[in-house]
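I've put the structures underneath this note.
Both complexes below contain subunit A, partnered by subunit B and then by subunit C.
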Partner chain A sequence: MAAQTRRDFFKTSALLGTAISGISNKQIKAQSKNILSENRMGVLVDTTACIGCRKCEWACKTAHNLPTLPVEEYDDRTVFKKMRRPDDKALTVVNEYQNSTKFPINVKVQCMHCDQPACVSACIVGAFTKKENSSVIWDTNKCIGCRYCMVACPFQIPAFEYEEALKPDIKKCDFCFDLTKKGKIPACVEICPVEAITYGRREDLIKAAREKIKNYPTRYVNHIYGEYEVGGTSWMYISSKDFLQLAFPKLGRDPAPGVSEAIQHGIFAYFVPPIALYALLGGVMWLNKNRKKTESETEI
Partner chain B sequence: MENFRSAPIEKKFFTPIVLLLIVLAINGMIFLLGRFLFGIGAVTNLDNQYPWGIWIGIDVAAGVALAAGGFTTAALGHIMYKEQYHAIIRPALLTAMLGYTFVAISVMIDLGRYYYIWHPLIMWNGTSVLFEVGMCVMIYLFVLYIEFLPIVTERFIGRVSFPGFLKKLNRPVDKLLRVLDRTLDKTMFIFIIAGVVLSCLHQSSLGTLMVIAGPKIHPLWQTPILPLLFLLSAISVGLPMVIFESLITSRSFGLKPEINILSNLGNMVGPLLFIYLAFKIGDMVIRKTFVYLTELNSASVLFTLEIMIGIIIPLRMFLSRQVVNSPLGLFTAAFFVIVGVLMNRINYFLVAYTPPYQFQTYFPSFGEISVTVGFIAIEILLFRKMVMIFPIVSLPETGSQKTKYFIRGKSQ
Partner chain C sequence: MRSKIFFLLIIMPFFCFAQKIKENHSTQILKCSTCHSCDVPTKENPCIKPCPREKIISIDQLPEEGPNVLTIDKFKKQTDVYEPVIFSHRLHAEMSGMGGGCKMCHHYNPPGRVIGCSDCHELTRKREDVSKPDLKGAYHRQCIDCHRLWSGKVECLNCHQLKNSKTKTDISTIVKKNGKRIHPQIITPAIVKFDTPKAAGKLVTFYHLEHTDLFSIDCSKCHKNESCSKCHAKDLVTLKAGKTLEQKHLICSNCHNTKQACSYCHLNTVKPGFNHKERTGFDIDKYHGKLKCVRCHTTKEKFTGLRGDCSSCHGIWTHENFRHKITGIALDENHSSLECTDCHQEKNYANPTCSNCHEDKSFPKFFPGNFIKKR
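Now for the complex of A and B:
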């Protein structure tokens, strides 16, 4: 009987081992590191140029078939009294902050399209993907509505349709992927009357921003927000005021998913630790059981 | 060692407490219906700042931790092969099975698109901690059902009797049960070990869940060793949970508590709590986060309470011989550990979470609380019903029938 159990045990463990390592190989391939294209696009937002006309809000809604007020209503500046956040009804919003000079500072907010997006790393079913042209987009056919992407995003961007009972969506700026994949420019960039937002190769934009900061050192603080934050973002900002005072989150340079992915890969390195634990426990169990057997035999 | 035999308990099902639980359960289900008819926003206080509330923090995170009795007793009884503990394996197994079933249900009701709950099975994202937790919990739930099957076969072999025209099925079903019983007898060790491995994996990964939230989590809790802390706390709450339940069960059915076994279990809790405490304090010292304890705010107060109530007080109690040998002492000490772990999970998932743009703080709505309470009530009711149907609780007996995981002795 003991021999039987033992043979069974080894047979099944071996089988289980191969099955799991087979799975793990597939998985390692499937999650190949997301390769960032040299030519990925980005947007530079010059908050000193933005006049707070909110035309971008209107254009964004129109481009995404979201209900919107007529464009004239967007001249209403009383909305600036409260800080607003993008949500399921508006993928981008403009906020206003007071300044020591006469002119307030307006800041457009939307998804930053991170180079190492936390949402992509976190999503349980991989509904988010980082596209070659930089867009981070969401796939309605996969999403199960767990809202882990919202927990993960360092900029608090993904929004959930809480009032929707049957098929709630995650809503966020998609970098107008439908337009940009055809080589067109995003709706908000297109409409901006003062060119406060510039669409272009991310590298070129960084150069341009550095140039601006160098040429107008009194106009800008020496910081391109998004150049390095959480490993770099596609949308970047320059401003005349410290970004923390404009309600930008204070973030380090490490990619947001870094630590958690490192832990995950540590625990699951090719499934070796779990299998080793399995083998160890199996061994302990077998030994203890045998010891018990011999004990009871000697008793008799 | 006293001989024991697991048997269905024969008592009245309805008591005043049972009626109260039924009322709570119905109340919860009404709000749950509201969630399905009108959406998550209609019943909960969740919003874009606080995407997760008590359904995740309590029902799922704390639920998983408090169901840890299942794998700790399995490890103790089957893997370390300490036969004296076989008496407590079945109740712990039943709790784990019910607990995890409700964890799965709670995850499901919290999903915006609950009918897609199977998506992770075919849509994999290896970098996602949630994916790993989800998979492990799903497989473990399946393992728990298999581990429970021998109890079902024991109950029904030779006793299958369908009424009326279904009578014809009696024989084949009985045969099926016997085949099942024999197969499980030989293969059960695979599932038992798998259950322990899976538990270690997801208990720790639950702790990794919020690591990706980075600075949103208060530094008192946010540490890279979270998975280890979660695993250690799960292991140290497993046995207190078993003690707690066992004492309540004997009390409510008027049985004599198996104080010998429980005291022995209690003696193991002290060292486990000590290890947990050492890592928790060590982490705080190494990351120098104790500076946050000098500020007086809800985070520092709750962190201190969590350590005092959940670790230090019960640690002291479990080290005292007097406490460990008295049912009341054991009960109180175990209760402290349980409350402590519950607090820890709530703190980590809810209190420590501060979104970068916060317009108002989160407090669970009446509906959310009702659903959570309702689920707990249903779990208790099911536990009561199950121990009356199945041979789970062991009753002292003179005959000697050993209960192993292959339950039916060779003699039969």
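Now for the complex of A and C:
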């Protein structure tokens, strides 16, 4: 019963904190330390296997309740005439590049779910989070529509829904967090007929990719895009052609600038007086202490 | 408990695999290292190498030994978009016969039996081993490359019917229809004449039957990894026209020097077929005419190196081990106990010399026995 009371008290203070600063205690914990679990997941995109059937586009829209044409319409390959980018209507798109050998190369584009995500650190209200399973997701209620994330992202991924002028909403691939948190796999991965996109532990995927490149040196260029780019990404690519020719940006190994500054950003942008900050941090400590206690209590 | 079941499930295939293969190990000439990564594979730790593809020893079956039609409905639970696919297995097996047989699709094909896709590729996409595609991926990857070359299309509806389609055909009707589909027998042409653009030597005469029957060259040596599109591609003419000089000569250059010896094949008239006497001086028509080259020239595709000397193949002949009758002359008593070399000085045992013993006799005026009808 005592624990119950403490928790209740905490809930109130957390609410208060949120009201003051716009950052929930949860958010602070996530941002102050970027948890990169050894078991974090990723996707390996084998562009030599992708056939450009665009079923992933359909599955993504369906899973996210976005308006879509019926599935058979996605067989239409004339869309490849134009290069497309993910936007608020399609969180992932597949493009086509001409190739001298038998078949053209198709490349699926979506958020890369960076290990050191620039969008997370750029967000002044802490709406973005990097989850332990790799997903970089956001909280719509917190977003104030400043578009810092759009500017910061080295892959120009976050898009905005402008239709409702007063309530802009971020649109980007969320790595199907709603599915993965329940132990399922992302919708696009699930549907891909040739499994050109393989979902698995990031480390295992890198190992598998290396093995493929070693076994088939004429099929692949010796580069796993995303293994090191901007500090590593969860979505990685292997290909038969240099990635620059497939419209991938040339990026160094360092994370995008400013990746560690998030927390100050968030707080000072709101001119939160130091007192409030201390009160908030105090609240966080209380929570942790309290949580430990309840945990040990339940264990007994 | 769950982990125990899981463990059992993981190790079971190894045991089954070991059991299945066991009886075949003794009958196959196999190097351990073809399949195993360690020196001493045990039942507990078979250390089987991952999918060795081309390097693995393959067995081949006739198309009619495999299933006729397959209904692929393993994904029923996972997807509700499409109807199951009806796969005309026999038709496809017949088509692949020329390009390499079973192993064109069953690329992991250890001795014993032809292994199906689902023996190695997992049914679930969420899995631990991401080094090979799951079953759905494996199926599609296997089909799509050929179908794409052949029809230029990857549309799903070529093979799949939408579940909610109003115009869909009943599954049993498709199964029935596909059960009857077989590929017409592929007949090896005897001679193929190519009209080439080469100014001097327009005509290339290719003795196809000679290459396959006499020279015993496997179809797949030349028709390597050839898919159906070799004959059935939508755009066959452009496919052929788009080839470079090197690509056009690729198959012949496996054995012939196509860079320099142009006039060996390129002539202005039809080239006569292979004649052993003309090429080598050794007339095979008399006793060896029905043999395939590899009976004597045992290193396949390298038909050189014999000395025109009977002992190259037959070892040393003596009066005891050689039945002289076979030559058409049954030796009389006086001659049958002589050593071969007493009369035949030449190594090819051609015409005998009589003068060693008989001053006044010579062959073929006199015979060392009875002239009989040849065997």
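Following the convention adopted for this analysis, the second predicted complex is superposed on the first by the 224 of 300 C-alpha atoms of A that agree within 3 Å, B and C clash if a C-alpha of one lies under 4 Å from a C-alpha of the other, contacts with A are read in each partner's own complex, and residues count from 1 in each chain.
Note that a residue touches a chain if its C-beta (ideal position, glycine included) is under 8 Å from a C-beta of that chain, and two chains touch if they have at least 3 such contacts.
Predicted, not measured: the structure shown is a model, and the values here were computed from it.
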Query = Should A:Leu69 be classified as contacting the first partner (subunit B), the second (subunit C), both, or neither?
reply = neither
Ask   = Given the touch rule stated above, what does A:Asp204 touch, subunit B (first), subunit C (second), both, or neither?
value = second
Task = Counting touched residues of subunit A, say whether subunit B or subunit C comes out ahead.
result = B
Ask   = Thinking of the overlay built on chain A, is A:Arg85 touched by subunit B (first), by subunit C (second), by both, or by neither?
value = first
Key: First, second, both or neither for A:Gly52, with subunit B first and subunit C second   = second
Query = Given the touch rule stated above, what does A:Pro249 touch, subunit B (first), subunit C (second), both, or neither?
reply = first
Ask   = Within the complex, which stretch of subunit A touches subunit C?
value = 44, 49, 51-53, 55, 71-72, 75, 102-103, 183-185, 189-196, 198-201, 204-205, 207-208, 211
Request  = Can you check the complex and tell me which residues of subunit A touch subunit B?
outcome  = 5, 8-9, 12-13, 16, 27-28, 30-31, 83, 85, 87-88, 118, 120-127, 142-148, 150-152, 154-156, 158-165, 167-168, 247, 249-251, 256-257, 259-261, 263-264, 267-268, 274, 277-278, 281-282, 284-285, 288-289, 291-292
Message = Applying the document's contact rule, which stretches of subunit C touch subunit A when the two form their complex?
response = 78-79, 81, 125-128, 130-131, 133-134, 136-138, 140-141, 144, 148-149, 154-157, 162
Request  = Using the touch rule from the top, collect the residues of subunit B that touch subunit A in their complex.
outcome  = 36-42, 44, 46-49, 51-52, 75, 78-81, 83, 107, 110-114, 116-117, 119-120, 123-132, 134, 186-187, 189-190, 192-194, 196-197, 200-201, 204-205, 208-216, 224, 227, 353, 355-357
